[in-house]
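Note that subunit A is present in both complexes that follow, paired respectively with subunit B and with subunit C.
Coming up: the complex of A and B.
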C-alpha cells in the first residue's frame, strides 16, 4: 500500500490537470521550509515571522495601531502594492508566452512614471481628465519602449535580455538627470510630488474611522489579467503568439509573421509594464527617487514564473509575494530580522519555481518506473505463479 | 589625457575577466546571463574575508587584497554551482536560471551583509563592508612611452593578476584536452560523448570556472574602485561583460579589445564632462555612454556573430 501513496503524490505532480497547481504549491512549500530553517538558524520563531508578514499586510490585525490607522489601512496599502506588482507580472507573462524575456520592466515602469508625472502630474488638470491621461501616458511610454526592444530583436537580432538591461540603465540615468536638473524637490532631492488629482489612488479616505488610501490600479490590474487571459485563450492573435513562443521556426512555416508578432508582443508587454509604472509612481508613491530602479520589476519575474506564466496564476502568485514584500517592514520591526529577508524568500521561491520542470520530470519518471515494475510483476506472475505468491508477501 | 588611460584600464581589466567567465560558460554550451550574480557573490565572499582579516593583518596591509581575490575566486565558483545544477542537471531553461541566479545573488548578499554587520558590530546593521584601496604602482621604463605609456602608470595590482589569469585561461581553453572538450560541448556535445568525454561534467566545470572568473572581476570593483561592498556592486557591469563577449564573437582576444574600448569610452566620457566644466548633474548623462555604445555596437555586430551552436540547449544524448 505504501508505494501507492507515494505514487499518488507523484501522479498529482505529473497530471495534466493538476500539475499547474501542484508544482507551484510544492515550490512555495519548499521555500517556506527553507525560510523557516533560516529563521531558526537566526534564532527566531518562524511562525511569528510569517504571522507578522500577514499582520503587516493587513490580513491579520496587529496588537496596536498608530493614530488613524487600522487593519484596513494596512490592507489598502497592500492593495496599493499589489496592483503594480500584478500589472508588472502580467507584462512579463505577455512577452514570456511568446518566448521573450522582458527584463526591462523596471526601466519601462520608471520611464512611464516619470513621463506621466512630468507631463500630467504638474499640469493642474481636473481629476476626471488627469487620471485617464496618466494611464494613457504610462501605457504609451511603456509600449513605445517595448516596441523599440522588439524592433531591435527583429531587425538587428539583439537578444532582448541584453537590450532591455542596457535600456534600464540608460533610462535610470536619463530620468535621474532630468529629475536632478529640472524637477528635484529642494528638500528631499527626489522628484516633486505628483498632484493628488493626477494620482491613481484616493488618499486619506475615511473608512470605518480608519484612514485609507484606495488604489484605482487594482481594478485596472484585475481587468488586465482577464484581458490577457482572453487574448491568449480565445483569439487567433494570442494563439499565434504562443506558437511563436513554442517554436518560432515552425510558426514561420505556417505563415505567421514572426518578426511582427515579436514586436507587438513586446509592445503589449511594455504597455502593461508602463501601467504598472504609473500605478507605482503615481499611485502607491507620488514621487520618484532619482537613479533607482524599482525592485518590483524583477520581483514581477518571480511572480510570473511562480504563477506558471498564466495570467490567473499571476494573480495568486502576486498576492503571495506581495505579502512578503509589503509585510517585511513590520516583520523586521517586530522580530529584528533584516527586512531584506523578504527579497531573499522571493529569491528562494524563484529558485524552486525554476526547478518546477525538474520536479515534474522526477514525478513522471517515478510513475513510469512503477508501471514498469508492475508490468514485470505481471509477467513474472503469468510465467511462474508460485514465485508471485512470495512476491506479494514481500 | 593620461587619466583617461589609467582609469580606462582599471575599469576594463575586471570587465575583461568577467567577460572571460561568460566565454567559458557559453563556449561549453550553457547560456550565461548570471555573470552579474556571480561577480556580486564573489565580491561578497572576498569582501567578507577581507573584513574578517583586516583587524588581524592591520588596516594598511596589502596582502589582504590577494587573499580577498582568492576568496572571491572560490566563492564565485561555488555560487556558480547553482547555475550549473539548474542548467546542466535539472535541465531548467538557461535564461530563466540566469535571471534567477542574479536575483538570488542580490537578495542573498544584501541580507547576509546586514546580518554579518549586525553580528560583527552588534546592533548596527549597515549594508556595507568598508574595504581599503590597494596601492598603485608604475612600471618604470615602459611608462615613459608617449600616449600608450599611460596604460602602465598608476596601475592597480589586480591588473597584473588579471593578465596572468587571462593567459592561463586562454591556455586552458585552446591548448589542453579539457579546453578542446569544452569547446566541442558548445558546438556538438554528442561528438564529445562519442569520443568518450563527459558532457555533463565538462559543462558543470565550465560554469564553475565562469563563476570563479566573474568573482575575481567583482572583487576588483569592490576593493579598489568603490572601496566598499554594498548592493551598489550590481551596477550592470556583468551584463556589460556579456555584451563585450558578444562583440568579441566569443573569442578571448577580441573580447579583451572590446573591454578596453568600453573602459576608455567610460573614462573618456567622464573626463570630457569634467573638462567641459559641466556641473556634476551632467555626469549622469556621460554615465549612460557605455550602455548606449553597447546598444549601438550590438546593432552592427549582432547579425554577423556566430555563437556556439549548442548554446542554450540542455544536453540530450539521444538527439541527432
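Coming up: the complex of A and C.
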C-alpha cells in the first residue's frame, strides 16, 4: 500500500464512527488468515474448509443430503444453536456493562433447563400453556440464581467470579444427582426427554419438502438484543448500570444505590442466561446429560467480548462463532480434520479481537505521525514560523 | 562561554491538534535549580519528557554537557545521568523501599559461584548510606504500601541518586504534599544543589520558585515567554507572565452578610472501616452567606467530616441538620435534593466518570428527573441543551463540546465542570474539599471568585483546604481540625495564619 492509502486505512480504523465496525472486521480477517495458515500446514485447502463450515450451517448447499433433509434443515439447526448462544452472550453483556463478570452462565443455563424440564416438560400441559411457562420458569430460575450472586457480593463482598464458579459446580452436581435419582431415562442415562408441547422448537416441520426444526428462541433472542440495547442506551436504569460499571465510587457519589444495581444487573444477566438455558435444553436439545455443563456458557463470554460487549455486536459475533461451532461436524467429516479446529478458530478470533484496542492505537499513532510529517514538510517548504492557532489547550 | 549541562534548542513537539512545545530553547547551568513555570498544559511536562527520553522532539536538538544526544527511551537518559521524579510515582507497592530502588540495576551475586541472585544485603546497606548522605530518611526494608506519600517521594529521589543521576527533574513534586512536607522537600532540594546536582523543577507554584529556584523559565501555551533571574523578579510579575495577563491576587471580598443557620452539626462522630474514630464529637454551624473553612494538616479527619455531611460516610453519633431538618440518616441522593452540593477531594475518582462524556457528567445530579428523564427514558436533547449552556457560562474548554470525553480534558477544566454542575444545583450548602488542588493560578483565581459569589448569594459554604493561604483569603469563620477534633472555631478576622498554623499542629492555646 502507498502511504496515502495506509493513512486512509488508519483513519478508518481510528474514526469515532466506524471503528466499532472496522476493528472487529479487521480482527476477523486476521483470524481467518491465521486459521488458513494452520489448515495449510495440516495439508488442507482452507477455502474448502470454510465452505464446509458454511455448508454445515446451511448457508451454502451441500453436494447431497440424507432422507428428508436439505439446506433449510441445516439452517434451522444452526438457528437452534444460535438462539441460546446469543441469549447467553447477552446475559454476559448485561452484567459486564455494570462491571460484573458473570462466569456462571453455564450453571444458570443448566438450572433453568433442568427446572423447566422437570416442572413443565413432563406436565402434559398444552403447547399454548407449556411453552410460555417454560420460558417463565427458565427466566425465573436464572434470575434468582443471578440475584443470589449479586446478593452475596452486595452483602458479604464475595466476588462474583468466585461465587459463580462455585455455583456452576453445585448446580452441575445437584442437577446430576436429581437426574440420576429421579428423572433418568433407563436407556440413555440422560434426563427423560422434555415433551414436544413444552419444547421451544417445533420439530419435524416440513418446509419446501425439507424436515426442519424451527426454534422459537431465535425471535426471543433477537428481541432480547434490542431490549438490552434500549436499556443501556436510552433508560435511566441503563445509565445507572453503566455508571456503576465504570466507577462505583462516583456512582455512589451521584446518589445511585450501587448495591441494589449490582443485584439487579446480575439478576437480569441470570434471566437471560436462564432463557438461553431453556432454548438450549428444551429447544435445541430435549434432554440433559447429568453432571455436564454446556460449553456454550463459556463460549458466550468469548462471543460477547468479540462483539465489543455491545448487544448488537453480540448478534454478529454469535452468528459468526456459531457458524464455526455448528459447522464443525460437517467440516470434520468432509475434510478429515478434527472438529476441535472450530474451537481453535474461536480461540484465534478471540485473541485477535482482544487486540482490537492495540490495532486502534497503532492506527492512531500512524495518523499522528502523518500529521507531524506534513507539518514538518510545510514548515520546511515555507520556512515560516509554525501556525499555532489550534494549540490553545495544551 | 557558560558551562551549560543541559541545552534544549528550538524544540518543537506536536500532538494531534496541539503544539505542545513551539520552538522552545532552554539552557541549564551546572549546579543550579532551574524552574519551569507555567499553567497546566503550557508544555512543561512535555518538554521534560523529551529530556528524559519518553518522547522524541519533532524538531530541535538536545545537548548534554555540550554534546548532542538522541534519546530513544528513558534508559538512554538514565545512561546520561538524568533522573526524573514523575508526578505520579512509579513504584511497586508490595516491594520494599530497597527493592524498588535497585529494580533494574540490582547488585548481583552468585551463590556457589553459579546461581545468580540479588544481593539485597548490599542493596539495603548502600541505600541506608545514600539516604544518610542526602538527609533522605527512609527505612530500606519498609514496604511501599506501608509508607506515606512524602516518604515515597524520597524513595523516588533515592532511585535517581542510586542511578548516579546528576540532572534531577522533578515534575510537580509538591502537588501531593502538605505544607510541612513541602518545607522538608525544599530543604532536600537545596541539599542536593549544594552537593553539586543540577535540578530542574516543574511547577506552577510561584512561592516555591521564590524559595528555592535560581532561574525560572516561563512557558505560556507551548512557547517560551521569558527566562528570569528569580531573586530579582517579583512574584506578581511571574504570575502575570505565566497566566499571560494581569492576575488579581486578592479577590475583593465584600463584608459578610450572615443569614439564618443552614448547617448545624452537633456532636458528630465518624468511624472509619477499622472502627476507629476519625471525627470526634465535632460541633459547629454555618449560616447562609458564610464561608466556614476547616484548616488542618492532611489526614486529620477533615475529608471524613465532609463525607459524613454529604452522606458518603455513615455517621456514628451526633446529628446533622440542614435548615432545621435532620438529614444525618438520609441516603446521598435525598441529601442532594435537600440542598447539599459536594465538590469532592478526589475529582477524577469520585467527582466524574472519566469514561463518560462531558454532557453526561454535567447532568449527573439531574439525569434521573424531569426534564432530563421522562418515565425512565433519558431525554438526550435536554442533556445537550443543558451541557451547551453550562459549557458556555462556565467557560469549560473542551475539544468536542459536550461529547468530549472527560479523560481528555485538563484537570482544571474537569474541576470547572464539577463546580458548574454543583453550583447549578442551587444548593443551600456547598461543600468544597480542596477545590483548587493541583490547579494553576488562573483556575484558582476563577474558583475563588465563584466560591465568594456563592457566599454573597447567601449560600452556606463549607471549605476544606490544606492550603492555609486559601483559607485565610476566603474564610469568614475558621475551624481548625486536629486528630479528628475541632480544636478552635473563631471568626477569621481574629486569627492570623500563624495562630491557625499552631492549632493545626495540635497546640491548644495559642
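Going forward, the second predicted complex is superposed on the first by the 381 of 394 C-alpha atoms of A that agree within 3 Å, B and C clash if a C-alpha of one lies under 4 Å from a C-alpha of the other, contacts with A are read in each partner's own complex, and residues count from 1 in each chain.
Definition applied: contacts are C-beta pairs under 8 Å (C-beta built on N, C-alpha and C of every residue); 3 or more make two chains touch, one makes a residue touch a chain.
Everything numeric here is computed off the predicted structure, so don't read it as measured data.
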{"item": "Contacts of A:320 with subunit B and subunit C, given as first, second, both or neither", "value": "neither"}
{"item": "Contacts of A:193 with subunit B and subunit C, given as first, second, both or neither", "value": "neither"}
{"item": "Contacts of A:368 with subunit B and subunit C, given as first, second, both or neither", "value": "second"}
{"item": "Subunit B versus subunit C as contact partner of A:247, first or second or both or neither", "value": "second"}
{"item": "Contacts of A:257 with subunit B and subunit C, given as first, second, both or neither", "value": "second"}
{"item": "Subunit B versus subunit C, judged by how many residues of subunit A each one touches", "value": "B"}
{"item": "Contacts of A:236 with subunit B and subunit C, given as first, second, both or neither", "value": "second"}
{"item": "Partner chain(s) touched by A:298 [first = subunit B, second = subunit C, both, neither]", "value": "first"}
{"item": "In the complex, subunit C residues that touch subunit A", "value": "12, 14-20, 22-23, 41-43, 46, 58-59, 221-223, 312, 331-333, 336, 342, 344, 349-356, 360, 364-365, 367-368, 373, 376-378, 397, 399, 410, 413"}
{"item": "Residue numbers on subunit A that touch subunit C, as the complex places them", "value": "234-237, 239-240, 242-243, 246-247, 249-250, 252-257, 367-368, 371-372, 375-376, 379, 385-386, 388, 390-394"}
{"item": "Contacting residues of subunit A [partner subunit B, same complex]", "value": "42, 101, 103, 152, 156-159, 161-163, 165-170, 173-174, 176-177, 180-181, 291, 298, 301-302, 305, 338, 340-341, 343-344, 346-348, 350-351, 353-355, 357-358, 361"}
{"item": "In the complex with subunit A, residue positions of subunit B that touch it", "value": "33, 82, 86, 90-93, 95-97, 99-100, 103-104, 106-108, 110-111, 114-115, 118, 125, 127, 236, 239, 242-243, 246, 281-282, 284-285, 287-288, 291-292, 294-295, 298-299, 302-303"}
